[in-house]
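Next up: the structures, one after another.
Two complexes come next, and they have one chain in common, chain A, joined by chain B in the first and chain C in the second.
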Partner chain A sequence: MEINKKTSGSIAILQLKGRFDAHEIAPVTAWLQTQIDTGIFHVIVNLEGVNFIDSTALASLVRGLKHCREKGGDLRLCVLQPAVRVIFELTRLDKAFNILVTEEEAAASFGIS
Partner chain B sequence: MKIAIVSTHPPGKGSLTEYGYHFIRFLRTKTENVSEIILLLDELPAGEKYEFGQEPGQVPVSVHVCWKFGAMNNALRIRQTVLETKPDVVLFNIQFASFAGGKVAATLGLLAPWLVRSSGFKTAVLLHNIMETVNLKQAGFGGNPVIETVIRLFGNMVTRFILQANLVAVTIPKYVEILEAKYHANNVLLAPHGSFEETNREMPSAVPAGPPNIMTFGKFGTYKKVEVLVEAFERLLPDHPTAKLVIAGTDNPNVKGYLDGIRDKYARVPNITFTGYVSEEQVPIIFGDSWVVVFPYTSTTGSSGVLHQAGGYGKPVVLPRLGDLEQLVIEEGYEGEFFEPESPESLAEAICRVIDHPERMMEMGSVNFMAATGLPITEVVDWYLIHFEQLLKK
Partner chain C sequence: MSLANLVPQHKTEFETMATVWLQLGASSVQLVENGSVIASYPVGKTDLTPAMIANDKVTGLELHIHNFMRSGWQPSADLQIQMFGQVLNADQEMDALTSSLVETQDRLVALYDLSRATRRAIEVDDLLNLLTVESSRLLDADGAFAVVYLPGQPPIVRQSAANPLPESQLLAAAALYRLDPNKRTFKDSQTLPTGLRNVVMSYMPVRDKVFACLGVFNKDGNFTAPDSKLLKAITDQAGANLDNALLYQDAILRVRQDTEMDLARQVQTSLMPQSLPKLKGVDIYGVSIPALQVGGDFFDVVAMPNRPLVFLMGDVTGKGMPAALLMSMTHTVARSAIRYMPFKAPNQILERLNKDLLDDYSTVGMFTTAFVGVLEETNQRLLYSNAGQSPIIFIPQKGEPLLLEADDIPVGIFDGHIYKSQTLEISIGDVLVAMTDGFNETRDQTGELFGIERLKSELVKLVHLSAQEIATGLIQAVSDYAGDHPQDDDRTLVVLKVTS
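Up next, the complex of A and B:
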């Protein structure tokens, strides 16, 4: 899986590409933890390039969401491919996450620069 | 958040005690989200009691014994206890026979989620099986086609009542599809079963020492029947004279005396151990000593907690070619040898394909270990908490 990390003001953004599963979660989990440890609680994970996601990967996002919200922030998702959106709907995690259509919308939704 | 959980729990011997135990164990670690856990548990036999310590960093627990397996008034008692304890959310950890073996009492008990929701409480159900996939005859509830039809009708009605909960979680994707298609439900979600085991356990480095140890684990007598397994074991004994068969667990509460009957019927077969009730402390030993875990099921009523346990101990598994189990094995990344249900020959061959090939045994164990430990139940608990928070926002 390809991982691209960037920041936009006080928002940390992770762009993922490829298969997001149990074998690929370690760097994502580590990156999310680093954001929390360094006081960045507004996070966007862009799933535009992700064509498969499994329960372990979902769990890593849930964990990130939980930690961000505990600190007053949020972890937002954007650009879900149909196959990935189905998994979010099946687990009803689409109700728990704020899911935006584009990365720009996700960044703007925080209302911060 | 103040969470009530309707469940069984050790030392109770009802179904889903293992799941209840581990779910509550990890829920107690979520101090940042949960302020109190109210346990609504079933009555224990005389002389037994629930014990919950209170250590620093654990969510406090209060125990309310408010239902009894087989009783007619369980739903009313549960509702009354919820009214008295006033939780924010009530979670039911149940399956179709959780509250009774008898049809009427089982049906009445399953009205509890609806009653609780009707009383104004946010209600979630973790439903471990659904009526549509249960072979009633083999699960011990059938008898003749008319009775089966009546039970199915009641099952449909009860399912509609269960679906009155705010959320209904199931552990197999197919169950979501069935409930949405047949009942037009829009409150059903897929929640992974999760691994019971500590994530710091390592995959065994070798096959356990000693003779081949073939183990089966569960509550036997309804759809978990050991006759075929014992007969398969008898068939493989000539080539494996030191092999042991360990039947770990007790009778299903609906079929008291079943294992005693098996012991008498197969007294001629040597090297069989009946462990009786397996305490939480004994579970790692029972699984750790086994070479292979066999699932002598004639039907399935849901995803198998034992499969996840076997995987958590890095064990190969031998399973019947039955819908739920085979699907779960494939979907959740497990690997097993399969046999034709009710065929001792087929089962003996499947067991030998495992125990005669140590490399294959380790390979299968490793695959199952990865599948079982990938998502520990502590993470699954977080999913539920996220869903509960959403419920409370409404």
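Up next, the complex of A and C:
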């Protein structure tokens, strides 16, 4: 899986590409933890390039979501491919996350930058 | 190297030579090397008068003859100093040869000891420690290191040095060698990582896809060709030992993983109901087939007198022991909630699970999907609550199969989440099949998913059978579809059929 990290104002953005599963979560979990540790609680994970997501990867996003919300921020998702969107719908995690259509919309939705 | 220390051994020859010159009238004779007097006769006598000088071009030795008045001395003096020089030179070469033989002998003995010791070291760590300690000692350097690159793992780095260097520097040195394995000795301070003055490295021949090398660093002077050859002899031998140690390590790891998997599987299977209730008007069957790498699937069916039949099933995220342990906690909490709480609504069971387990799930960063069904005593209505569980398929006797989508997020995510209950009117012949995603996410040889639509059409074919036969038929269909593709995830299902 390819990982691209960037920031936009006080929002940290992670762009993922490829298969997002149990074998790939370590760098994502570490990145999320670094954001929390450095006081960044507004996070976007762009799943545009992700064609598969498993339950362990979902759990890592849920963990990030909880940590951000505990600190008054949020972890928002954007650009879900149909196969990934279905997983979020079947598990109803689409109700847990704020999911936006584009990265720009996701960034704007925080209303801070 | 000076010849002066060899002179005492040849004192007699020098004195015989000098005596002749004194008898012929000279006042004293001196042997001079690089301007320094290394012997004189008579002993201790120095003449300041100009001397007649004969020299040996090979060794640079000079014979100084003082106060000699006769002519025709030169050829004889030249011949004498040349012969004396040759004798000293031969002596020096002999000494050097002897000490080199002794050193080689020492190294051979040490190498033999090392090779015996490495054969006994079956742990990778022990072997690398032994190799670094001994190669640093044998090559008379400040330290030594070993680097082993295994595919898909961080490199193993071990070193033995009075002043250890940072691992990054050692890895940088190994990378330098890896680029050009023909160049073993590095001494250019500009190309070497900080802290390394000079280094000699040699790779250990091991199995494919593994690169391992041994390096010895910081020797006074520089590493010589014999040093490099000795290190190569060590690594050629050590390669086979390292290969064995790596195989041993793999075997240990596999046994450990297998043991963990066996335990996880035991936890999982021991918690599933060993027998299912036989009830009037309802045929219920459940089974869980763990994958090789066990997941966190669970199911339970609880039938108590004068209480509605309750069944639940779910899938804890993750795999292996962590998932199996959390699954067992979830299962226990759910069982006690079903048995000892005075409620009938399935959403209350999920809310209780969420309340009791949220902290544990949050701590480990996991959650569980779950489906709870409550069959009213009349067998005409099924109440259910679905927290992210999929697929749940209802096949009415009259009508098309229906996917009962989840209404709520999984359990263990948000504190105080309110779950919904739904009501399903049911009648004789209707079948409900609650499954984990191990069914629809089964892939065939080409990687294509079994999917929910195939599940529906298979179930339509099986629906006239008993609950157990439906379960067995569906498992067979999915298993046939997968072919030789190994089962990636647990497959758990509960089949409920309304009977007369």
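List of remarks:
Quick note on the criterion: the second predicted complex is superposed on the first by the 113 of 113 C-alpha atoms of A that agree within 3 Å, B and C clash if a C-alpha of one lies under 4 Å from a C-alpha of the other, contacts with A are read in each partner's own complex, and residues count from 1 in each chain.
Following the convention adopted for this analysis, a residue touches a chain if its C-beta (ideal position, glycine included) is under 8 Å from a C-beta of that chain, and two chains touch if they have at least 3 such contacts.
Computed from a predicted model, the values in this text were never measured in an experiment.
For the composite obtained by overlaying on chain A, chain B and chain C cannot both be accommodated without a clash. Once the two complexes are laid over each other on the shared chain, residue contacts for A:91 go to chain B and to chain C alike. Residue contacts after overlaying the shared chain place A:106 against neither chain B nor chain C.
Of the two partner chains, neither chain B nor chain C is touched by A:43. Judged by the touch definition given at the top, the superposed model places A:13 against neither chain B nor chain C.
Of the two partner chains, neither chain B nor chain C is touched by A:80.
With chain A used to align the two structures, chain C clashes with chain B at 26-34, while the other stretches in 26-34, 44-52 or 260-268 stay clear.
Residues 22, 55-56, 59, 62-63, 66, 90-93, 95-96 of chain A lie in contact with chain B in one complex and with chain C in the other. Chain A contributes residues 22, 29, 55-56, 58-60, 62-63, 66, 89-93, 95-96 to its touches with chain C in the complex. For chain B in complex with chain A, the touching residues are 32-33, 167, 173, 176, 189-192, 370, 374-375, 379-380, 382-383, 385-387, 389-390. Residues 22, 55-56, 59, 62-63, 65-66, 70, 90-93, 95-96 of chain A touch chain B in their complex.
Per the touch definition, chain C reaches chain A in the complex via residues 315, 317-319, 362, 365-367, 369, 386-388, 390-391, 405-410, 413-414, 437.
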